[in-house]
Structures are given as structure tokens and as C-alpha cells.
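The chains carry the letters A, B, C, D, E and F, assigned in the order they are written, with residues numbered from 1 in each.
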């Protein structure tokens, strides 16, 4: 191999190969522009830096002490971590004080994988096909799958705080908590009762707790 | 154009063009084989008939009189209508007696479009982003969209039975009714109460109604 | 459960859970912006109202009397019903006067499910694999599937008007009618004849009917 | 770097890294099993050889002399080239004798890119949105795009045979030729005439040419 | 609300609602059947248990002491954790001894999100568009994104072992390590040298290290 | 058929059928707007012309004489051929002088199909699952598949220039050449050596060849 000649051509090489000016290796969200059905327009690649690929917001515990559920969820979704835009992945951190819960909820747009870092929880999942309950005590290092759109929950049954991380199959998985959907908005209690069979007193009590005005 | 010559070649034509023996124009489900992540293996195309593309089960009203909800849902999902396999579409028919409801529920795997054929309903939808309520009285000919995974419901507030059809963006949309998920299975009442804040008496009462054993 | 304390925390709760400011539960099209490969940018969620989820344009019969085909198709595609943007669903209403037809056509971007509400039609579908004809008389309540891109048609063979609804697996399914594609544009008749084997007189006659200038 | 030690560990290395026994780098079709909505089950990776990635059937010209269209299409679809299974790509070779045509047709499941290797053609495309005609003379090295499901055609207007290759965005793109769909099957001429406005004599004439029995 | 009547209907309720016998909430892989382009056929839902949603294999550190790279990767891909089948998610655990590395590699089928649990690493990513290097020291709680197919690596530059978890956007992400691809198989050294410009001595040396026979 | 009447209705016909003003038959990229995760916003359909579907840049051989690899790749990706936007297809032309190579590389976003038009090459592919080598001499008319993200290469072992075309399953497939990723940027040689086990002298030598500054 004739290296002296190779040296001469090394500058030419770069321009003789295709420019790839727009190869969508990634599409860092430009959050200042309107989002579309699959995400935000991309930040100009020329302005992308290493920090667009890194997020440090999950390193600190959420504050569980001022939560009704004694838990806190800290998210790294596309609006916090624009690098995830369009890529089919996101994360969150969960902190549950002893006795804390992650209330019954779904993620309309994503499957979830939970990993326990510290402590242990009872986690449950309910299938849509036949209302089957899948219930398990998870310890450090265990992972559990919650398929997209299915109701699930966790309870910290131990004496120590739980630290956990969850991964989602979408940069914006959504979160619909049953309590918030029923009792934290203007949905008329008349309709809540008709479509859930909950008693009026129960509905009114929880609307007071969650700030519902219906 | 020299037709006499064309006639001579007409038989040859068919064999000189590509055979397309497996073009996936459609994939009628072979329900006798195990399904996979996106549907069932296809029935042998040689055995496909017109009836594989047609389903007549939505022509008759469901029986609303023996339903707790005074409603009936009749489905044309892939297991009833194998032609839908893998195609991103299915349908169902809803019948609601006066006062009947479609209880609070989600479809984990599909968006839904509802069209009212007879009668009128109050339909509601709750977003995940901010628990916003979208509530509307729908009359004959109106269509309403319920995005995938979001809680929604209907109430027949009129004096006549409601007939409606719904279309889904998946051949197997799933259906998770909140009441059935909470109260119709073995989920321990202790956990239900912790993750919904419902009172013990309320939970026990509805478990009795829906057959829950937890 | 200590409700007095719960009351105190109810306001805090909302802010301690993740904000989800951009969860793509839905993406109402902003039709004033340029569309992209999978749909329009989303309307600002803060401006979304119930009416973005509802469309009433399919409640009225189309005018079949001034149609060459004695039929009318009224669409609820994304440009009429922006709520469908990016969601893989749309609808249309078909009205066919007695003797009316839906001419031979395809939808390049969507599978179709047809449901007959009133009257009856003969519907036909032709596969690409082997030009197989699937032909069926459909009555009230029957549904029929027309897979994406395949030629299909309907004929109202009854004595009463037909009302029908169709669902599509795409918010913008497209419609390519063979007659319009061949005879309603500037395609030179010389080429039409070469690539269809239709006679020159036939082509000229139908170009006159459909307004072709080629 | 301490190479002697590295040598010792080299055998261990292979087993200490993950086995990846099923990584779906590729999924060579096992054509003996039933296909599914997105393709065939995979051949056992242990039996995959280089020949599963290579296909030589496009190297020879198709026989245009016994074709009504004076053309021949040779395909490398998944049933001929099982390596394409599930991968979103396939190819074909077109040969057009002078005066030959690729008749008016669609591919229901794939976009197409055509490249001219020898000769020149007039190629045409008709949009569904407004029946717009896009017509172009293509010479050696030119490429033209035909989006999925749209009617298109080619005419060899030159004096030499045309050799061309086409790429598709699906391993089984399908092919629906208008003439074959209308005139080469059992579709009753009565319906053909109603849904195309073609004259009875024209329909009968072309049914005779293409072997139609309706 | 008339509960006594509700009690009577509670058994009927379950059968009057649709059966959903095949709703694809999840598709636990049946690893005994051949996989297809998007995953394995599903285990019979009747045999699914809670353990199908849980995996405990990531709780223990991998053995880094007999690895050339002083690191170990333990995977929870679909073949280890069949619940992930078809769902667009998987995980792995990385352990890096002080001085250990995750060698230069790609995942052909998945994006990756890395989270550091203990220790710190220098992680690097190289874009395809312009060979841009994105290099960062990651500490406990930091997450970093590695888009699909792009070369990336890690080096444990600290004095303590690193524990980390990675999430992938596919149940079977694949792993192609540059060294293994070049030097651990039968690829002839002549070709390696021609297509990488590496010197013959270097190639031979590393083939010896990695077990290459070419 | 009453043609005189048909004539009268021909103008009405066009307006009585749905307008389809936005049917996404195609979405020609507007390269002046920011791209998104699946491509650029669409050019206004009213301004689309035949030239948006045609590209002539692959008709001329690339200049192989000033390339280190004695080869040239000319691309028809979305930035050169905006008609491909969002459609899952693109092409490129490869020219290899005698002795020329396409160096070891991957396409992170696309599968590739190669067809040899003139000459012959040795082409190789390495799987991720087990570093298996698939090596083949390809002659005129042969096609070979390189699945997404897998390392592959070509060597012109003949005495004549090679002309070849490649098709990709994405409008922007990306290209990551191992040499450029390692030696043509600012990646510190210290890290290159740690994560590839290449010798320092080899790294420095190739950084000089490829312009690396690390």
C-alpha cells in the first residue's frame, strides 16, 4: 500500500463520498416548532452537541413527601430530553416512600419495562382480554413488563424507600391515572356514577380529594 | 391493432407475466394456527372465497335486556371476521336501551370512530395529558373520535334505543372496562383501595356486583 | 385513610406528577401549516375543544341526481375532520340512487370496510395475485372488506336508495377511479390505447364524457 | 497492551458476551410454512448460507416475443428470493421490445423506483388526488418514482430493446393490471360496463383477447 | 341505583360483553416455534402466568474477570425474556471493572438508552452523517442515547466497578462489535486489509487475539 | 347508455366527487423547511411537476481516480431527489475502478439491494448474531442483499470498471464507514485503542491518512 499517495488523497476523499447532509441518524426535537403526529421537527444538525444526547434529570430523587400517593415520578420524555424525538424510547424514575403507591394507571402510547434499583414493591397488571390479574413482588434487579394501555400499579410494601427506573417504547408515553381521569376534572358526577357504578357519596368524596369540579 | 394475432397470444400472456403466488393483498386469518405479534398466519389463498371478505354478524341488535349496563356490544374483530387479519381495521355494533351506558373503558390497541345510526348519546373522552374532559351530545349521523388508550364512555340520554357502529384502527382493539378490571377478578381489595383511594365498602359492594373474588 | 390530610395535599398532587405537556394522545391537524409524510403539524393542545373530536358532515345524504354515476360520496377525511390527523382512521358516506354505481376504483393508501345501512348492493373486488373476482350481494348490516389498493366497485341493484358508511385505515385514503384516471385528464389517447388495448373510438367517446383533453 | 494475556482470554471472550441466538438481522423465508401478515417464518439461522443473500435470476432477458404487450417482467420477489422476507425491498427486471409496453397497472403494496439501463421509454403516472398526468421520456440512467397504488405505464418508443430494473418498497409488491383485472376473469360484462362506462362491444372484444369468461 | 337487581345480572354481564379471546395485549413468545420477521408466535394466553411478565436475570453482576474487555453484558432480550416478544423494548445490564470497556459496536435493530447506576464512564458516539464524535463523562443517574446502528463505546475511567442498565427499542436489538466482525471469523485477511486499510501485521495480530481464521 | 345526457353531467361530475385536496399519494420534500423524524414537509401539490418524480444524476459515472478507495458513490437520496421523501426507497450508483473497493461500512437506516450492471465484485456481509461471514463473487445481473445496519463491503477483483446500482429501503439510508468513523474525526486515539485493541502506531498512521485529529 502506497501511503505517501494516500496522504495526498485524504482531503479529496471526504468530498468524493456522498454528503449525507440530512441522514436521519437522529432528530433532536426543536421544541420551539409545532409537533406533528410522530414528533417535533429536528434541530439543525449543525447545532447538535453532545448534550443533546445526555440527560441528567433522573439522578435525583423526586419529592415524595408532598404527594397524596407518597411517591414521585420524574420523567425523561421528549419534552425534557429532546434527543428522544421520534426514536421510540423514553425513561422515568420512580421514588416511593414506605407505604407509597403508583396509583392505578395506563400509558396510552407505550409499553413499559420497570427495573427495581432499591427496595421492593408489589406490582400488578390487569389484562384486557379477560381481566386477568398478574401480581408479583419485585425485588432489586427484577424487571417487569406492562404492555401498552393496560391498567397497572405498584405498592411499596417494604420499610425502605423504593428507587426504580422505567423505560417506555415511545418518547411520549402518556399517563392516564384512573383517579385523576375520574375525579380531578369537570366530568359531571352524574355521568361518573352512571358509567362506573360508583356511589354518589364516594364520587363526591374523591372529587374533593382530587380537586374535581363536576 | 391486429386482433387475430392478439387472440393467439392470449393464453401465453398469462404465463409470461409474473406469477404473484403470494402477493399479500390480504391475509385471511387461519384461526387454527397460533397467532403472532401482528396476527395469524394466512389461510391458503387457493381456499379463499368471497365469504372471507364479508361478515353479516352486525346486522342484528345485541340483547340489552340482560346487561347490567342496558347495552350490548357485538364485535367484528379478527376472531369473528378473519378477513381483517393484519389490516388495521375492525368494527363493532353498539346497542343501548334508553338509560343504557357504555361504561368507562379504553381500547389499548386502537383508535375508535363512532357513528350514530339511531338515537342520541352523551359521549365523553378524557385526555391523558391534563385530564381534560371532552363531552358531547351526538345525534344521528354524527361521528366522534376516541384516540387509542384514552378513557371514554357513552350514556343514552334519550327515550329510544341507540344503534351505532364503531370502527377501530386494529383488527383486535382490546377493551378494558374500569369496573371489570377492578371488580371482576381476583385483585385483592386491599390493593384496589391503596391504588384508587376508593373506600373499602365501595370496593366490596362493586366486587359483589361484578363477581370479584379479591 | 386520613382524609383531612389528603385534602391538604390535593393541590400539590397535580404539580408533583409529571406535566405531560405534549403527550400525543391526539394531534388535531393544523391545516394552515404544510403537511408532512404522515400528516399535518398538531394544533396547540391548549386550543383543542370537544368539536375537534366530532364531525357532523356525514348526517346528510349526498346529491346523487347530478352525478354521472347516480351516486355521491361524502368524505370525513383529515381535511374535513382534522381530528383524524395521524391516527389511521377515516370515514365516508355513500349514497347510491337506484341503478347508481360506485365506479371501479382503488384507494392507494387504505383498506376499506363497508357497512350497508339501507338498501342492498352488489359489491365486487378483484385481487392482484390472480385477478380473482370476489362478488357479493350485500344487505343491511352486512360489512365487506376491500384491501388497500385493489380495484373494487358497487352497483345498487335494488329499487331503493342505498345508504352506506365506509371506514378507512388512513386519514387520507386517496381515491383513484379508473375512468377519471384514463379519460378525465390530458393523458394522450395514443398512450391510453397502447397501454389498455381500448379502441380509439372508445377512448375518444369516454374522453368526451369525462372531460379528457388528451 | 499485554498480548500474552489477551491470547489466553480469547476463547473465553466469545462465551462471556451475549449469545444473540435469535437477533433478527434477517429472516430468510421458510417458504414451506404458511405466510403471515408481514411475511414467512424464518429459516433456521444455522442453515443460512451465502446463497440466501444472492439471486441471479435477473441477469437474463425475459422473452418478449410471446407477449401480447411485447414485454416481459422477471421478478425477484420474496417467493423467488426468500432473503427479502420482511425487509421492505424487492426488485424486478423489465424487457420491452421496440413498440412494447408495460400496460396500465398498479402495485397495491409498494412504491417503485425505475432505472433505465438500455434504450428509452415514455413513462406515465396518474395521481389520485386530481387525476394529474405526469409523463416523461426516460433515457439511460434516469430514474423515476411511481408511488404506491397509483396507475402507471411505460411505452418503448425507441427502435432498440429496453432493459430496465425496478426496485420496490416491499418484498411482495403485487401487480394489478387494469386489462387483466377487467377482462381476464369471470367478472360479468354487465358489471364491467356499469362501473367503467365501456361499451358492450369493447368489453366483449377485450374479454376475448384476455381470456375473460364474464 | 338498584343493587339487588344488579346482583342478579352480574353473571350474565360477563357473557354479554365481547369475548376478546385473542386481543393482542401481549404476545408471550413461544420459543419452540419458528420466529418470523417481527417475532415468535404467541404462547397460548390460557397458559400465561405472572412469571411471563417478570425477569430476574439482571439482578446479578456479570463476570468481568474472564473477559478480554474487563466487562460483561447480561441481556434480557426476547430469547431470555419471552414476554418482550413483538413489543419494541428490551434491556441489558452492563458491568465494567475499573479499566474495562464496552468495545466499539452497533445495535443494528434498536436505539439504546443507557443509565449509570454506579461509577462513571466515558461514553462516545459517532454519527454517520459527518463522522461527528459525541463524547461525554457519565455519572450516576445520567442517561445517554445511542441511536440505532451508530458506532458507540464506553470506557470505565474510574476506580470502582460500573453498574449500568440499557434499554433498547426492540426485543432483539442485535450487537455487532467491530473487533468480532473483523477478527473473530473466517473473513480473509486480504479482504480485511483492502476494505479497512489496516496493515497486515495488525490484522494478523488481532485475528490471533479474537480467534479469526481468515 | 344515454350519452347525450352524460355529456351534460360531465362537468358536474368532477365537483360532486370528493376533492382529495391532500391525499398523500406522495409528499415531495420541501427542502427549505426543517425535516422531522420521518421526513420533510411536503411541497405544495399545486406546484408539483413531472420533474419531481424523475432524477437523472445516476446516469454518469462518478470519478474514481481521486478516491483513496478507487471508487465513487453517487446518491439519489431525499436531499438529491426530493420525490423520495417519506416513501421508504432510494438509490445510489457505485463505480469501482479495477482494484477499487467499497470500504467496510453500514447503513444505519436501510436494507440494501445491490445489482451489478458491468464487471464483477467480491461482496461480503457479516452478521451480528454470530459474526458469520457471507462472501460471494457477483457478476452482471446478480443481486445481493445487505440487511440494515450490518457491516459489508465490496472489492473489484476484475480487470474492468464495475458499474452497479443499489436500492435502499429508506429515503435517507445513512452511511457509516468504519475507517471514517474511527480515523477521520476528533476521536482521541487513546479511546480508539482501548475500544478496538488496535495498536497506537496503526491508529496514528490511519488518522494521518483519513485526516483524524484525535
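The rule is simple: a residue touches a chain if its C-beta (ideal position, glycine included) is under 8 Å from a C-beta of that chain, and two chains touch if they have at least 3 such contacts.
As the structure is a computational prediction, the values presented were derived from the model and not from experiment.
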{"item": "Any chain that touches chain E and chain D", "value": "B, F"}
{"item": "Chain A and chain B: spacing of chain centres that average the CA atoms, whole Å", "value": "27"}
{"item": "Whole-Å gap between the CA centroids of chain B and chain E", "value": "34"}
{"item": "Rounded Å distance between chain A and chain E, as computed from the means of their C-alpha atoms", "value": "19"}
{"item": "Euclidean distance of C-alpha centroids - chain A vs chain D, Å", "value": "41"}
{"item": "Contacts with two or more other chains, residues of chain D listed in rising order", "value": "6, 20-23, 25, 33, 36, 38, 68, 87, 108-109, 128-129, 132, 135, 147-150, 174-175, 180, 184, 197, 199, 205, 209"}
{"item": "Topology of the chain contact graph, where touching chains are joined (line, ring, star, complete, other)", "value": "other"}
{"item": "In the complex, chain D residues that touch chain E", "value": "3, 6-7, 9-14, 16-25, 27, 30, 33, 36, 38-42, 44, 85-87"}
{"item": "List of chain B residues in touch with chain E within their complex", "value": "33-38, 62-63, 66-69, 72-75, 77-79, 92, 108-109, 172-175, 177, 180, 184, 205, 208-211"}
{"item": "Residue ranges of chain E in contact with chain F within the complex", "value": "68, 101-104, 106-109, 122, 124, 126, 128-129, 131-133, 135, 147-151, 153-155, 174-176, 178-182, 184-188, 191-192, 194-199, 202, 205-206, 209, 214"}
{"item": "Residues of chain A defined as touching chain E within the complex", "value": "1, 6, 20-23, 25-26, 45, 48-51, 53-56, 58-60, 76, 81, 83-84, 87-91, 111-113, 115, 117, 125, 127-130, 132, 134-136, 138-150, 165, 167-169, 193, 197, 199"}
